[in-house]
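Please go over the structures that come below.
The two complexes that follow have chain A in common; it is paired with chain B in the first and with chain C in the second.
And now, the complex of A and B:
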C-alpha cells in the first residue's frame, strides 16, 4: 500500500501542477480583455524581451546557418546536389530549426528571467503589496509578459531565420562562389506558403508557452531565495519540454492539413 | 499614549481560526479596532500575528470565523469589492516591499493611477506624490530607485505609498524590525504624526516594547493563537501573569 502511495505522490503533484497551470492560463484569457490596459508595461516588456534578445538570437542564427551549410556541403557534393543547398537550408531553417532553436534560446533567456523576476517579487512581498493596494498584479505582471513573449517570438524567429540563411549564403559564396542574387533566387523558388504559415503560427504558441510557464513558476514561487532559483530553473526545464510537445503537435496538424 | 474616546469599531474579528496542516496558528482570535485608535498586537515569533494580519487584508484565507471591515464581511466580498475596500486600508510591510524596478515616484503613482473609481483620472500626479513624500520627510528622494535607499528610507517611502491612497485604517506589520534604535524612533514618531494628521486607525503588529509604549492606546497579547491578555500598556506592563510579564522583561 505504501509503495502505491510513494508512486502516486509524484503523479499526483504533477497532475496538480498541470491543473494549476491550466487555471493560470485560463485566468490570462479572462483578464486580457479587461481594463485597465497596461500598455506602458507591455511596451517595456516587448523592448526587454524582443529588442534585447536580438543580438543573442542573431548570433545563434548566424552560426547555425554557417555550421548547417558547412556540415551538409560535403554530403551534397558527393551526390552532385550542391545546387539544392539554398532550398534545403531555407526549408529546414524556416520549417523547424529556426523556430525551435530560437524558442529554446528564448526559454533560457526570457523564461528564466521572468521566473526569477516574479519569484523575487513574490519572495520580497512586492506582489502582495500590489494586491493589498487593490491593484491587479496578475494583469500588470503576468498578462503583459505573456502578451509580449507571444508577440515578440515570431519576430525574433523571422530575424533568426533571415540571419541563418544569410550565414548559409556566406559559406556558399566563399566555397562555391555563388552570388547573392542566385542564392536567394534559389531560396525563394522552393519556399512555399505551406512552409512559412504553419511555422509562423507555431511560434505564437511557443511564445505563449515561454511567457506562461515563466510567469506561472515565478508567480507561484515558494518562499525563500532558494525558491527563486528553483522557479527560474524549472521555468526553463518545463518550457523546453512544452516547446517540443507543441512542436510535435504542430507538425502532426500541419501534416494533416497539407498532406 | 492616552486612551482616545471610544468610537465605533472599524474592524471586528470574531473566532478566527487558521491552520497549516496540523499546525493550528489561530485558535479563535477575537479583536475590535475602533475608529481613531492605535491598537498594538504583541506576540512571540510564530504566535500568528502576521497570519492574522494577512487574513485581515485577504492575503490568506481563514478556515473559519468572521472579519468585518467598515461594516463589510470580507469573506463574502467579490474580488472587485475587496479591491475597492483595500483602498481604504493601508498596509506597511515588514520588508517595505517597494517595487524595485520602479523609481520612488512610480512606486507612489502605481496604486494612484489604478484607482480611478476613488480618485478619477489624474493627469498630473506630481502634487499628490510630493505631498505624500513631504509627509514622510523625503520629498528629495522622488527620483531615486529603491536600491539607492537605506532601510529607514524604504520604510518611510512605503508609508508614503500607503498614505497616498488616503486610507482610513493602516496596518503595520512589524514597522521597526530590522532598523537601528534611532531610525525606529523616527518611524514611531512618523506613525504618530500620520495618525494625528489623518485621523487614521492603526493596527500595529510588533514585538518592540518601546514602540508599543509610545504608540498603543490599547494592546492585545497574542499567545497560542488566541488573545491571551488585553488592556492599556500600563495595565499589561504591571500584570502579574508570568506569560504577560515575559513580554515586558
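And now, the complex of A and C:
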C-alpha cells in the first residue's frame, strides 16, 4: 500500500487535495440543513458577491456583446446572413459566453476574495477563536459564502446575458439600422428552452464551485501571511480550471438530454 | 444597522431584476411555443417526417400558430404528428387543410406548414386528423438530378463526336460547313430563288390587275356571267345526258336486233349480198356503157348526141370568154 502512495510527491498532494475538497463539500451538505441558519451573514455575502459584482459583470457583458457582434458581423456579411446576427448572438451568449465569462470574472473577484478573507482569518486565528467561543465557523463562514455564490451567480449571469445582448443590439442598430422590436423578435426567434434551462442550471454549479474552492483554500490556509496570498491565488486558479471541467460535463449532459 | 437595511434593499432590487430578466426570457420562449395560451390539439399522419422534432413550429399560411407536441410511430409507413394550435387561429383552419413538412429557410429547422383548404368551410376540432402531403425531399431531388447528369454526360459525349465529324467535314452538315463549292452553289440557288421570288411577285401583281384572265376572273361581273354560263352548261349537260340516254336505248335496240341498223351492222350475209350486188351493178354499168356507145353509133340516136356536143362546146366557150 505504501508503495502506491509513494509514487510521486505532486500526484500524492493533488490526490490529497481532491480528497480533502470532497470531504469539505460533503460537510457543506451536512451543515446546510442544520440550524441555526446564519441568515444575516448569508444576506451580507449575497450583497457583497452579487450586487457588488454587478458593475464589473455588467461592463464585461456589454463589451463582450459589442465585440462579439463587431467581430462576427463581417463574416456573416460575406454570406449575406446579417439578419441571423441576433439569433446567433443570443444563442451563443445565453448558452456559453454569458455563463462562462461571468463565472470566470466572479472566480477572480469573489473566489480570490473568499480565499484571502478566510485565509487571513485562519492565519490570525479568528476561526480558532470562533471554535473556542462555541460558534460553528464552518457554518458561519463557509456555508453562507457557498450558498451566496451558488444563488448569486445565476442572477449575475442573467444580467450579463441581457446587457451583452443589448450591447450587440447597439452595434446592429448603428451599423445595420435594425429596430429594437425587430432585434428583440429575432433574439427570441430561435431561442429555445433547451438553450436557456441547461445553461441556467450550469451557472448554479459554477457558483457552487467558486464558493467551494475559495472557502476550501482559505479555510485550510497555512504557513502564516504568505499562505494567504497562496490561498487567494490558488483559489482563482483551481476555480477557473474547475469551471471549464464543469462546463465540459454540462455540455455533454445537455447533449445527451436534448439531442 | 442603517447600512444593512440599504444593502438589503439593493440586494432585493438586484435579485428581483435578475429574476425578472430570467422570467421574461422564459415567457417569450414559452409564448413562442404556445405554452401559456389555450391550445387545441390536432394531428396529421405522414409516411416520413424528415427529421421533425418535438417543439418544432407549425405555420398556417406563414403565420406561427403552434408547435409539434408528439411524434408517434403507428406502423412501418405511418407516423402520427400531433400539434398544439393556438385557439385564436383554430377557427380559421378548415377540415380539408393539408399539412406539409418543410424547412424554415434553406438551412433552418423543420416546420409543419398547414395549407388552407378550399372547399370545406367547417373548422377543425380537438383531435381531428388533417390530410398530409408528401414533399419532394432533397434525396429524391438528388436522385433525379443524378439521372439528368448521366443523360447530360451522354449527350455531351455524343455532341463531341458530332462536332468532331462536322469539323472533319463528314456528313451533310460537315459538308455544308466545310465544302466551299457547295456554299457557292447555295449562293447561286439563293440568288435564283430571289429572282424567282421577284418574278412571282410581279406575276401576282399582274394577276391582280384586270388586264389578264385571272384579273378578269377576279371581276365580279365576269364571275356572274361565268356562273350563268356554268348554269347553262349544266342545263345543256342534262339535256346531253337525256340525248345520250336516248342514243343508248337506240344502240341497245340496234344491238338487240330491233330495226334496220342492227340488220345492217350485224348480219354478215347482207354484206356479202350487197357486195355481190355491187359487183353485178358494176358489170351492168360497164355493159350499159357499151350499150350507150353502141347507141351513139346507132342512126336513131346519132342526131341527139351531136346536138348535145354542140351545146357543151357553146357553154365552154361562154365560160372561157367570161
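Remarks
Just so it is clear, the second predicted complex is superposed on the first by the 252 of 259 C-alpha atoms of A that agree within 3 Å, B and C clash if a C-alpha of one lies under 4 Å from a C-alpha of the other, contacts with A are read in each partner's own complex, and residues count from 1 in each chain.
The criterion applied here is as follows: a residue touches a chain if its C-beta (ideal position, glycine included) is under 8 Å from a C-beta of that chain, and two chains touch if they have at least 3 such contacts.
From a predicted model like this one, the values you see are computed outputs, not experimental measurements.
By the touch criterion defined above, A:182 lies against neither chain B nor chain C after alignment on the C-alpha atoms of chain A. Residue contacts after overlaying the shared chain place A:158 against chain C, while chain B stays out of touching range.
Of the two partner chains placed around the shared chain by superposition, chain C is the only one that A:200 touches, whereas chain B remains out of contact. Residue contacts after overlaying the shared chain place A:230 against neither chain B nor chain C.
In the overlay built on the shared chain, the residue A:76 is in contact with neither chain B nor chain C. In the superposition on chain A, A:50 makes contact with chain C only, not with chain B.
When chain A is checked against chain B and against chain C, the one touching more of its residues turns out to be C.
Contacts of chain A with chain B, set against its contacts with chain C after fitting on chain A, share not one residue. The touching residues of chain A, counted against chain B in their complex, run 36, 117, 121, 124-126, 128-136. By the touch rule above, chain A contacts chain C in their complex via residues 40, 43-44, 46-47, 50-51, 54, 94, 154-156, 158-159, 161-162, 188-193, 196, 200.
Against chain A, the residues of chain B that register as touching in their complex are 57-59, 82-87, 89, 91, 93-95, 97-101, 110-111, 114-116, 161, 165. By the touch criterion stated above, chain C contacts chain A in their complex at residues 4, 7-8, 10-11, 14-15, 17-19, 21-22, 25-26, 28-30, 32-33, 55, 109.
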